[in-house]
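Only one structure is covered here, and it is reproduced in the block below.
When the chains are written out, they are named A, B, C, D, E and F in that same order, and each has its own residue count from 1.
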Amino acid sequence: MRLLVINANTSDIVTEKVAAQARRSASPGTEIVPVTGTFGARVIATRAELAMGEHSTIVLAARHAEGCDAVVVAVSYDTGVRAARELLPVPVVGMTEAALHTACMLGGRMGIILFGRRVLPLYQELVASYGLSSRIAGWRALESTAAYGRGTHDELDREIERTACDLVERDGAEVVVLTGAVMAGVPARVQGAVPVPVVDCIDAAVRQAELLAQLKLPKPTAGSYALPPPRELVDVDHAIAARLGRGA
Amino acid sequence: MRLLVINANTSDIVTEKVAAQARRSASPGTEIVPVTGTFGARVIATRAELAMGEHSTIVLAARHAEGCDAVVVAVSYDTGVRAARELLPVPVVGMTEAALHTACMLGGRMGIILFGRRVLPLYQELVASYGLSSRIAGWRALESTAAYGRGTHDELDREIERTACDLVERDGAEVVVLTGAVMAGVPARVQGAVPVPVVDCIDAAVRQAELLAQLKLPKPTAGSYALPPPRELVDVDHAIAARLGRGA
Amino acid sequence: MRLLVINANTSDIVTEKVAAQARRSASPGTEIVPVTGTFGARVIATRAELAMGEHSTIVLAARHAEGCDAVVVAVSYDTGVRAARELLPVPVVGMTEAALHTACMLGGRMGIILFGRRVLPLYQELVASYGLSSRIAGWRALESTAAYGRGTHDELDREIERTACDLVERDGAEVVVLTGAVMAGVPARVQGAVPVPVVDCIDAAVRQAELLAQLKLPKPTAGSYALPPPRELVDVDHAIAARLGRGA
Amino acid sequence: MRLLVINANTSDIVTEKVAAQARRSASPGTEIVPVTGTFGARVIATRAELAMGEHSTIVLAARHAEGCDAVVVAVSYDTGVRAARELLPVPVVGMTEAALHTACMLGGRMGIILFGRRVLPLYQELVASYGLSSRIAGWRALESTAAYGRGTHDELDREIERTACDLVERDGAEVVVLTGAVMAGVPARVQGAVPVPVVDCIDAAVRQAELLAQLKLPKPTAGSYALPPPRELVDVDHAIAARLGRGA
Amino acid sequence: MRLLVINANTSDIVTEKVAAQARRSASPGTEIVPVTGTFGARVIATRAELAMGEHSTIVLAARHAEGCDAVVVAVSYDTGVRAARELLPVPVVGMTEAALHTACMLGGRMGIILFGRRVLPLYQELVASYGLSSRIAGWRALESTAAYGRGTHDELDREIERTACDLVERDGAEVVVLTGAVMAGVPARVQGAVPVPVVDCIDAAVRQAELLAQLKLPKPTAGSYALPPPRELVDVDHAIAARLGRGA
Amino acid sequence: MRLLVINANTSDIVTEKVAAQARRSASPGTEIVPVTGTFGARVIATRAELAMGEHSTIVLAARHAEGCDAVVVAVSYDTGVRAARELLPVPVVGMTEAALHTACMLGGRMGIILFGRRVLPLYQELVASYGLSSRIAGWRALESTAAYGRGTHDELDREIERTACDLVERDGAEVVVLTGAVMAGVPARVQGAVPVPVVDCIDAAVRQAELLAQLKLPKPTAGSYALPPPRELVDVDHAIAARLGRGA
């Protein structure tokens, strides 16, 4: 199986961390095909960057999905997931979406750790858009950017552990989801200090993408995720035009 | 006052219809500045087109907002509204959002008429994202594309009248919202045959945009709608870079 | 345009403060017609007073709406708004309702400041009745009654500033709504110290009332806001009887 | 025990029907004290009449509650219940509220039968205000006014039976609530033809009022249902003033 | 009247405390028939014990309901209530369910006191299953097990008083519900120190069970609470088989 | 890997059908260990049977989980899942829960097909308990019992196809979930006639159970899914006692 892993951030370091975890998570025989955004934010963390990221994701999806069996969107706002799911003939799953649904099968209400108070509303809107707000026990925003360097970050790991434990103790979280593409691989390091499961979004997403591919369900031909009849488009990426446009 | 009216669709006919209604709705002394998308779908109606439209809206916003007092996004999925609201120093309002909130002050639950069953989920997701799902009495999807030609369309007008009346009679709608940028100006033509108010989204949006501008409230400097500190961006539109980027 | 501004409280000081702000908010050429309740509480703040206030509002509405183009109910529980909206041929808007819908177009979730812990449930019930509970980031109740005197109140202004900032910092409010008819005009004084927009309910309501009037939408003839067929009434105010009663 | 039964409608026929059922429902030794509104609508069925009814209910409550152990508000919009609950030292329960909570203990989701499509939104708003919307399987509005005459009404009874059965068959209702003060006593007549329990609101309310009285719980001294400190009032009913006002 | 009171816990001390309060709450002439679980947990407080308790409740219900007019399930998770309600021809009510609905008629939002943080999610799931989550002001979990001894427990009573007051002051609770079968009788002891009503679940349940029996509503013959056609069962308790099984 | 597949129904034919599909769905090297209930209903379809099934599931779980890496509960009400998840050290997933979460990653809102109108409320309660009600587009109940025989059932397959298409066309379902353990394997037969993915609950559950096992997350030691300290139990199954009881 080939899994396309889309990082719509224009930052190789994030792609590297994601790809490393994706390879650890993938089944034997699954090839990970990581791609990085060519335009937009280094690290998507504003609403305007999200808007560009939506576009970037489908450009990458249209260009690189050929020959892939499923797609993981490795931006933690699940940027462009719905659009790519419509556009491609194979399953597409967002990293946060995958983690949330996986967490739902592991316990009751979950705690969410994210980076930057500023983006808390973006995650709350995302979770609400999945209809899962009632499954959230609590939220915590950390401010560290240590993860964007290479290597590990012991101090941040300790902060994540303390935060996860606090979510368990004060908010009654029964599972913890650690958001952020750059956090790929971190849950395994902190799990030992946390009394409930800590879900790694990339780990969950790679496995859920494989699962969805293995179900071998057909692309819908009705509804908002079917491929539409050829569309009239202006000045769009050639790969998108080839999939969506008139004359395709 | 100058109002920027963004049509992220790449179709002049829609811009024309929107601009005509916007000028009818605007206060004396308000100048309407209509702009049309330069890339993407002629008429946004798929999730992939929506993703491109998000980007298109903020490109247009960044390029043309200078000197404007407020912005109307004249795409009926309110495409890019949240991103433009973050990016710009002036109020930004989506046409559907404006109509929904206006309708809430006119009656109880409202009926929504839209075009194309395929996009019904997109509208339902939009309304849910505003927290307004409980205010909806019923939905109706029409399939006509007659509005995309020039001039009026009597047959479609009659269908809209029948549909609005059906929403009133069977679903108990106390207000009707007619979605679609291309529908600008139509509510006034059908109102006479409908026993409850029919809201014109462009009419509502232009007036709400003026209202928000007149409140003279400051741009937030905290939260997800504040302008962020300068961001590291790659290959983005110069106007976006100028507003959002490092070195701006 | 003539705007009827109904203060169902029987306190001239509140009417004065409301009228002063209403005149600042109104468009040139709009005449503000303020009226004060003739029976009931000096300042509505209990459920029993609210019940009398419902009645008082429609008495005032029936007596004074003639010749007016729209009505603002300047009681912050939006007391009697739904009843007056049914009774009158012109738009009726509540001050809190107007502020809430306006705030929805300015940011994400909002913080609400109110006066008196005792009335917190009344506001929560009001917001829930509009279907907007999910848009609230947090609530704060202050206990001061300083605003019921004439002139300004620096100490209370400082407390409002601190409270608004606290809603931003701890609850993530992206807009703040300051409730209370007597608070008309205060947001402009405190805005400078608060990093997100602070909405003045009277400012919002006057402008929304003008907007609704300018839409020139017809009075519904179906649903719960249509004028009913003449009703059999006993010993009611002559102005209500004239509008609603048999023989009217 | 003495139970005050408040009919804020100004129609003796409704009071008679309510009182007759109340006496059938009351425990041996319970005295029913029925009172009728002195001003307002013959039969409350519009929003303006509801506003007057709120006032009327508390006037009746204040005048007649002395010596009573509990109060039933026998208007099916539970008009003024919250206000009377605040004002009086004894339990107050609305007829619809009582039926809804009773029905919740009898099955899963319930069907609601009401009279007049126009008032459907009023009932939906009422149920939502109790937080019980998710417990409703379906709604049916009948248009008959036959019940406002004396004696029984076989044809209407048959229509109610058919409607209740339809709620069971098509909407999956597991209990049926028949709203309307004038419907007191009807459920017993139609129950034989309906395969699920049909709740009589007056029956439920009288019994719940007795139950609440027997709990002998104290009047709250905190929160929005406590009696407030003496209030400054203008030109209010002497009985209200005596309970609520300054100098009381 | 005879009321079956089912304690599915296998602990006589709990049954004793429940029965004592039930007898205080019952009307003159009502006989209380208390029964205790024969298998399962001494005190149900885990999900696995709840699963056994579901079974235990219906075994007790099937064996002992003969000749009874209504049933109270005296396990505070309302364990097996829905199953027993289906199985038996008479009304069945859970102690927590009864308290919640009763509390709804006494005030606005309520505070819930429970024992053991571990079971907080179980109560939250229970309340959500009744559709009543929006009526909850706050939750408090105490850790004491003092109530499982005989006699009173002054220290725990004081802690309950402080906790109830804290729910009123900080969370705005307008009623307090004290969960736990073993707490039967305690609310009367602490009420004096708490400014809002404290509901005793057994008190509420016994009275609601009597009320439901007095309504004399028929057992449903449609829906999920009707008795099904005879079922094919394997190795089940003879009393359950007699009511539910083929050949019954 | 070894997967325990629990059929708490006491019917071998259901176990056979489930096991056959489970073996088709399992990864190479995964051993399926199917077990059948020893007491209770042949086919769980009433609330009383559900109560016994809760108990049956944990008896089977406690007896047979040794040496297994994960557990699937193959009863479509996910009977006993939460209890087994608490009791066992390995992941436990319900067949319907797995299908619902999987479907969420495949499209927007889903249609649910179930068997027997009587059980519709049970499924609605189940979905609500997962917080997923807003993800449901529509429900359909079929009455056929043809699936309980051996072999295939062409006529029922055709009815399922028609029903699925109807959910797509009228309710806008973008995915369809076919509930019922006995339906294992049917979705693959009908998929060709349905324009959106049809999820096989056993297929989804087996794969999700494998996925959860592969995540190698620890058993929680806090919250309602942790194993409690040894419990005092009376006359319970020896395997449950060994895992949960004092002296274990």
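One rule holds in what follows: a contact is a pair of C-beta atoms (placed from the backbone, for glycine too) under 8 Å apart; a residue touches a chain by one contact, two chains touch by 3 or more.
Here's who's who by UniProt: A, B, C, D, E, F = Aspartate/glutamate racemase family protein.
The structure displayed is predicted, hence computed values, not measured ones.
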{"item": "Shared interface partners, meaning chains that touch chain C and chain D", "value": "B, E"}
{"item": "Cα-centroid distance, chain B relative to chain E, in whole angstrom", "value": "52"}
{"item": "Length of the line joining the C-alpha centres of chain E and chain F, rounded to whole Å", "value": "29"}
{"item": "Centre-of-Cα separation between chain E and chain A, whole angstrom", "value": "44"}
{"item": "For chain B, residues that touch 2 or more chains besides their own", "value": "85, 108, 120-121, 125, 128, 134, 172, 174, 223-226"}
{"item": "Chain-level touch network, classified as line, ring, star, complete or other", "value": "other"}
{"item": "All chain pairs that touch each other", "value": "A-B, A-C, A-E, A-F, B-C, B-D, B-F, C-D, C-E, D-E, D-F, E-F"}
{"item": "Interface residues, chain E side, partner chain C - complex", "value": "108-109, 134, 172, 174"}
{"item": "For the chain C and chain D complex, residues of the former touching the latter", "value": "10, 37-43, 45-52, 54-55, 57-58, 80, 82-87, 118-122, 125, 128-129, 223-226, 228, 231-236, 240, 244"}
{"item": "Footprint of chain F on chain A - complex, ascending", "value": "27, 85, 91, 93, 97-98, 101-102, 104-108, 130-135, 168-169, 172-175, 191, 195-199, 203-204, 207-208, 211-212, 214-215, 217-218, 220-226"}
{"item": "Touching residues (chain side chain F, partner chain D) in the complex", "value": "117, 120-121, 125, 128"}
